[in-house]
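Written out below as structure tokens is the structure these notes cover.
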Amino acid sequence: MSPVLIAVLILSAIGLVCALVLVLASKFMAVPVDEKFPAIRACLPGANCGACGYAGCDGYANALAAGEEEKTNKCIAGGQEVAKAVAETMGLAFEAVVEVNAFVHCRGDCLNTQKRTEFQGARSCAAAKLLFGSDGACHYGCIGYGDCASVCPENAINIINGIAHINDIRCMGCGACARTCPQGIIEVLPKEFEVAVSCSNHDRGPAVKKACAVGCIACTLCAKKCPAGAITMVNNLPEIDHDKCTGCGTCASVCPQKVILFGNKV
Amino acid sequence: MTKVLMIAFMMVFTQNYVLVQFLAICPFLGVSQKFDSCIGMSGAVIFVMTLASAVTWLIYTYVMVPLGLDYLSTIIFILVIAALVQFVEIFLKKFIKPLYNALGVYLPLITTNCAVLAVTLLNISEKYNLLESCVDGFSAGVGFGLALILFCGVRKALERAKPPKSWAGLPITLVAAALTSMTFMGFTGIADKLFG
Amino acid sequence: MKQKNSKWKILTNGIFKENPVLILLLGCCSVLAISVTVSGALGMGVAMTFVLVCSNVVISLLRKVIPDKIRIPCFIVVIATFVTLVQMVVQAFLPALYDALGIFLPLIVVNCIVLGRAEMFASKNGVLDSLLDGIGMGLGYTLVIVCIAVVRELIGSGTFYGIRIIPEGYQIGIITQTPGGFFMFGAAMALLIYCLGKKGRHFDPRIGCDGKCGNCGFNCENREDNIKLYENQAALEAAAAADEKEGSAV
């Protein structure tokens, strides 16, 4: 047989064998897909942010399709439209999504506090925290190397003057930053809350003042003056009961350190 | 036995695919930003390289050489690699779901990874037997992974650097790669001493 | 006249605006490895251009026939055929070049430029356009690899195309080896960025910037502007969305 013929035959044979193997594999090793799953999954935005508590949009859609999950308003990134679509697809009543934003419980930037040591390691908050609990004068506050900014899918976080600032318009409330922050000082709060505490320092008095100019010194004035009795001091920090809070703003006006923020959050 | 060990050492250190032989640069620069993707990519590459080495060696020795078709090695090898990667993806998705979740995203990228085709062609040109080819493939993958993970750390440290304006971004990363590859040149002397 | 201009545009696109090596960052492996000597670089450039042109033309001719699901394997087979052809010709007629190119000659099959242009351009455009694109991209590639080779050969071995220019003993040997390759490529990119100047510094992916100033360590001069730009953008987007809602409600 001429070499050209052999070459063509063998090449075609190998190609055919490969194709056959792949076709058989895709038929016999196909992973069965639930019927409802594609319809529900199509409603979800596909951001895979994890705010719903599941591992990505596939996870949430799977849970809904399998009947393990009943709440249709868990997709925060998608908002009300997605909640409506999911509720329609599943034939359930529509429940509004609670609109949330992330909030950083710290206002200690370069102007208010200072660094204790010069950190020369990898530029990461988690790395800095491993070394004697961060390089700032305050052990509890924002370290400012941007671990939160790098995981934010919406680029809503900027490091300005050494601490994280969250852009309220861009933030979609997925909570990735809250999960990443090694200090645990980012919290996802409903947009309707009007009062927030901008400090996470559990020390009191002069120690706090030494660390940061705007730290909570646990003077307990806010707790005493609140007309609704909504504030209790927990671990030297005010804890606000939002069910009782009337939004009068007294706590913010009496705080000597301007820790409690009222109205437009920073 | 010594030869196998020498091949392994060579592939990981002195003939490292990325830092000495200039192969697989695109994924090296593209994937080395995040540590998780480095691990995923390395795992997938090791897996595919070992399998590809074995399969292509078998086809070469038992089909192509008897029929005098070794000039078709480029075409047949790349075809086999592409089909193999596709098959592995389907297989993993069905039978080893956790592995698929970890590596699955990177598998299609590996088809056009020059390192995989290179390792299969080099096995042939160096005339290794089946065991040596598999070890070669495995070690080349490990070498790639090593280079990738090392460089990920270098890049993290680079983030704090303040290079001159024109050099910011990719150029300074490449200079860092140059220095990293220089360190690997030091391994050449060790190979001679260890393996005579 | 318009036709002629657009054909010229396709041709020069590959040389300047979308240079495959420096702008699209494709095919770096071969550039780094083969740019040691000018003769090797020229040979590689010619081989690459040949494969590019031929594969672009054939794939463009077959674009309506190849089914979408298996297009990548089909492209690879076409490209591999031409690469094997080039391999055999070079091995027969230019053995010195064959040794210089080594493993990178068969590796043209998986070179990102060839496959990338086949996927992006040849499978969607006519034969003449694909031909011109192939020539343009090939020329752009050859230009870059030869330029880097000229510098590397001059500094690293003191020769130019084999002709000794700098006396022996004054060359920097490491330039011809791996670290030198990386360094020279980095230098070429830095030169390009410098020449392109200030325009396009905002959100410029070529310098590794993706606009995420949030935790960027580079402290570039555009940082403050970029952050403001981003925040303004967000406010504008929100306002636009609010207007749309009002408009649809009314």
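A few remarks follow.
Going by the order they are written in, the chains are A, B and C; count residues from 1 in each one.
FYI, a contact is a pair of C-beta atoms (placed from the backbone, for glycine too) under 8 Å apart; a residue touches a chain by one contact, two chains touch by 3 or more.
All figures in this text were calculated on a predicted structure; none of them were measured in a lab.
Across every pairing of chains, the maximum count of C-beta contacts belongs to B-C. When chain centres are set by their Cα atoms, the one at the greatest distance from chain C is A.
Distance between chain B and chain C, defined via averaged C-alpha coordinates, is recorded as 22 Å.
Annotation: 36 Å between the Cα-based centres of chain A and chain B.
Work out the mean CA point of chain A and of chain C, and you get 38 Å between them. Residue positions of chain B with contacts to 2 or more other chains are 72, 75, 79, 82-83, 159-160.
Contact of a single residue of chain C with at least two other chains is seen at positions 77, 217. In chain A, 15, 123 are the positions where the chain touches two or more neighbouring chains simultaneously. Listed in rising order, the residues of chain C touching chain B in the complex are 25-26, 28-29, 32-33, 72-73, 76-77, 80-81, 83-84, 87-88, 103, 106-107, 109-112, 115, 174, 177-183, 185-187, 189-191, 193-194, 206-209, 216-220.
Per the touch definition, chain B reaches chain C in the complex via residues 19-26, 29, 71-75, 78-79, 82-83, 111-114, 117-118, 121-122, 159-162, 165-175, 177-179, 181-182, 185. Those residues of chain B lying in contact with chain A across their complex are 59, 63-64, 67-69, 72, 75-76, 79-80, 82-83, 86-87, 90-91, 93-95, 153, 156-157, 159-160. Looking at the complex, you find that chain A touches chain B at residues 3, 6-7, 10-11, 14-15, 18-19, 21-22, 25-26, 29-31, 122-124.
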